[in-house]
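Below are two complexes that have chain A in common, paired first with chain B and then with chain C.
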Partner chain A sequence: MKDKSIGFRIADAALIILSVIPIAAAIALRILTNPAAEGIQIAGAHIFFTVKMPLQDMPITESQVNSWLVVIALFFFCLYMTHGISEKGGLRRQMIAEWIVEQTDSLVQKNMGQYFKAFSPFVGGIIALSVCSSLLTLFGLYPPTSDLNVIAGWAILVFVLITHYKLKGGLLCYLKGFTEPIPVFTPFNIISEFATPVSMSFRHYGNVLSGSVISALVAAGLTSVSSVVLGWLPGVIGNFPLFRVGIPAVLSLYFDIFSGCLQAFIFAMLTMLYVSGGFPVEEWQKRMKRKKDKKQKNIKSA
Partner chain B sequence: MQSLEVISVNIWDILISLLNLLIIFLLFKRFLYKPVRKVLDKRKVAIDTQYSEAEDAKQSALKDKEIYEQKLKGAQDEADEMIKSAASAADKRSAKIIDDAKNKADGIIRQAHGEIELERKKAAEDIKHEIADVSTLLTEKMLEREINEKDHRDFIDSFIEGIGEDDGTSD
Partner chain C sequence: MVELAIGIILGCCALGAGMAMIAGIGPGIGEGNAVAKACEAIGRQPESQGNVTTTMIMGCAIAETTGLYALVIAILLIFVAPTRLVGILMNYIG
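Up next is the complex of A and B:
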């Protein structure tokens, strides 16, 4: 499509700008609300304000705001990716969009099977949201994935899905699953059932948070090392933390980019495996057959 | 500004993030996967129809080819037939021409024979007359006497008749 119309180009530009604005807004918010701090500071997300709610007050924190901004940015990114695609192709973004769809489709197909075909947008959403949230650290923003509440929310949704698919085989089958292989195992099985979302959330959150903590510690350590080694030099050179230049970037490459992407992928993989693994295929098929038979009987009797 | 503890659990935050994931799932489904799938399906349909069209075209081409081959074969046979019939017609015609020519020649020969016969008869008649005249004249001169010409002629005629008959039998 070489003959793009002016309206098409304007819409394109608008979509790109709209998907960049949320990130820019997050950076602006960070700069405005977070004055430069002295020393090592390992704390959770900043609380902008607190809303009075039953049970527990609801703090609107940096992590919440950042995740909303990521959601908005991803929404406009999706609109941009699908803007002007046609069956004839030709746009580069269409190839990327098709690649994303086909990759997640094949990933879901391989790990979950044909029955869970509708899961690919969910898996794609998990990966995109997690990766983008983790990569916010590249802009110096607070990554929502290093907040336990955020990951716990995702893990609980995954837990609901797991339980939903386990219940497809019938309530009795679900309850019977806890007594296997022998009834003595029942308490352990119940614990392991609830350990699934806990382990999933702690794995992801812990990895991202530990990356931030280690980065902060290394940066602080390098500052003191450079002041010890180069402190005798006169003037500004002595106070300048020379070792902090470059070395933390290597750590950031691992903790922010590699670990962020890897954890997103692991979270998605575990989601797929738990959901498809919990689905009792044979029981479900038997149940469907029984239902079908019943229906036919009803039709016959009527 | 206040911060959360590093490890803190807040059910509302958990709920919000759960809803965030649901929202991003729905957004992805509606705005990325649905249009792309639609395009992919459309393309698949287009490719399928093109393939089936190509297959149809191939089939019809093969059928046409068969028909033309048959027609070609028929044309060959027809040509052979035509040559054969033409040859036989030519044969017949030539035979007829030869026959005609023979008949004509026979007719001409027969006519010639008839004419010859006629000529001969005429010549014989002429000679007869000539002889009669001559003998009349001769007898007049020889006898030197007046004689009835009519009697004389009858006499000679009967005489010559006798000669002619003799002549005719001997000839």
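Up next is the complex of A and C:
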């Protein structure tokens, strides 16, 4: 497809601009609300305003706003990737989009089996949201993934999914699962049931938060080192943080990019393993068969 | 007296955070073991490198969890607990 029409090009440009605007808006919000502070600054998310709610006031924080903006940006980016898609193919971005979809599909099928193949959009969505949220640190923004509330929300969603698929084998089978291998283990099984979302959320949030804490500490330490080394020089050169140039970038490469992507992958992987592992295949098949038999009996008797 | 009490609170929070991070030993040993075994496996069967690496990274991330629990507690002790405890003390004194 060499000859793109003018309308196509304009739509392309509009979609790119729309997917960049949310990030720019987040940076602008950050600059407007958070004046640059001196020294080490390790603080939670900035609270924009609180909404009055019946039980408890709901604070609208930076992490919520940033994750909404990431969602909007991803939405328009996906629209851009699938713009002008055709059966014959031809556009380069269609290849990339197809590659991403195929990879996600094969990952889900490999880890969850054929029955759960409809999960691939969900898993792909989790990976994309988590990676893009963690990578917001590269723009100097507050990453939503370093707020426990955001990750806890995702983990609760996954917990609901796990319980839903465990209940597919019938309520009795679900309750019986708690008394295995012997009934004495029931309290431990209940605790481990609730430990799943807790450990998932703590793992992701702890990794991202520890990365930003260590980066801030190293940056502050390098500033003081350079003030010791260059402090005797007069004027601007004395205040210049020489050692802060470049060295924190190496740490950022590990803590922000590698750790962020790895944790997103692990969160998605654990989601897949827990959901497909909790699904009682044999019980479900028996139940389906019983239902089928009942239906046939009803048809025969009627 | 109040200064002494606040000093004890701050010092004990810092000590507690340091002690909580002793838990970092466990994941360190565990991940080291995991990587060593993965290296052995790759040495034995170089063609299975991709699968072994993926599984190893997954296992490392899961072994890290206990260390991260300790980290969360240490962060809470350093950044959250002192202000709360001093507030409680001030309320108690009046």
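In the analysis below, the second predicted complex is superposed on the first by the 302 of 302 C-alpha atoms of A that agree within 3 Å, B and C clash if a C-alpha of one lies under 4 Å from a C-alpha of the other, contacts with A are read in each partner's own complex, and residues count from 1 in each chain.
Here is the rule we use: contacts are C-beta pairs under 8 Å (C-beta built on N, C-alpha and C of every residue); 3 or more make two chains touch, one makes a residue touch a chain.
This one's a predicted model, so the numbers in the text were calculated from it and none came from an experiment.
When both complexes are overlaid on chain A, the residue A:L209 reaches chain B and chain C alike. Touch criterion met: A:S199 reaches chain C, while chain B stays clear of it. When the two complexes are overlaid on their common chain A, residue A:P59 makes contact with chain B while staying clear of chain C.
Legend: residue contacts after superposition of the two complexes on their common chain; A:S226 is shown touching neither chain B nor chain C.
Looking at the shared chain after the overlay, A:I266 reaches chain C, while chain B stays out of its contact range. In the overlay built on the shared chain, the residue A:F122 is in contact with chain B alone; chain C does not reach it. Contacts of A:S134 after superposition on the shared chain: neither chain B nor chain C is touched.
In the superposition on chain A, A:E87 contacts chain B only, with no contact to chain C.
In the superposition on chain A, A:V150 contacts chain B only, with no contact to chain C. Under the contact criterion defined above, the residues of chain A that touch both chain B in one complex and chain C in the other are 42, 209. Contact residues on chain B toward chain A in their complex (touch as defined above): 1-25, 27-29, 31-33, 35-37, 39-40, 42-43, 46. By the touch criterion stated above, chain C contacts chain A in their complex at residues 57-58, 61-62, 64-65, 68-69, 71-72, 75, 79. Residues of chain A touching chain C in their complex: 42, 199, 202-203, 205-207, 209-210, 213, 262-263, 266, 269. Of all residues in chain A, only 33-34, 42-47, 51, 53, 55-59, 61, 63-64, 67-68, 71, 74-75, 78-79, 81-82, 85-89, 94, 97-98, 100-101, 120-122, 124-126, 128-129, 144, 147-154, 156-157, 209 touch chain B in the complex they form.
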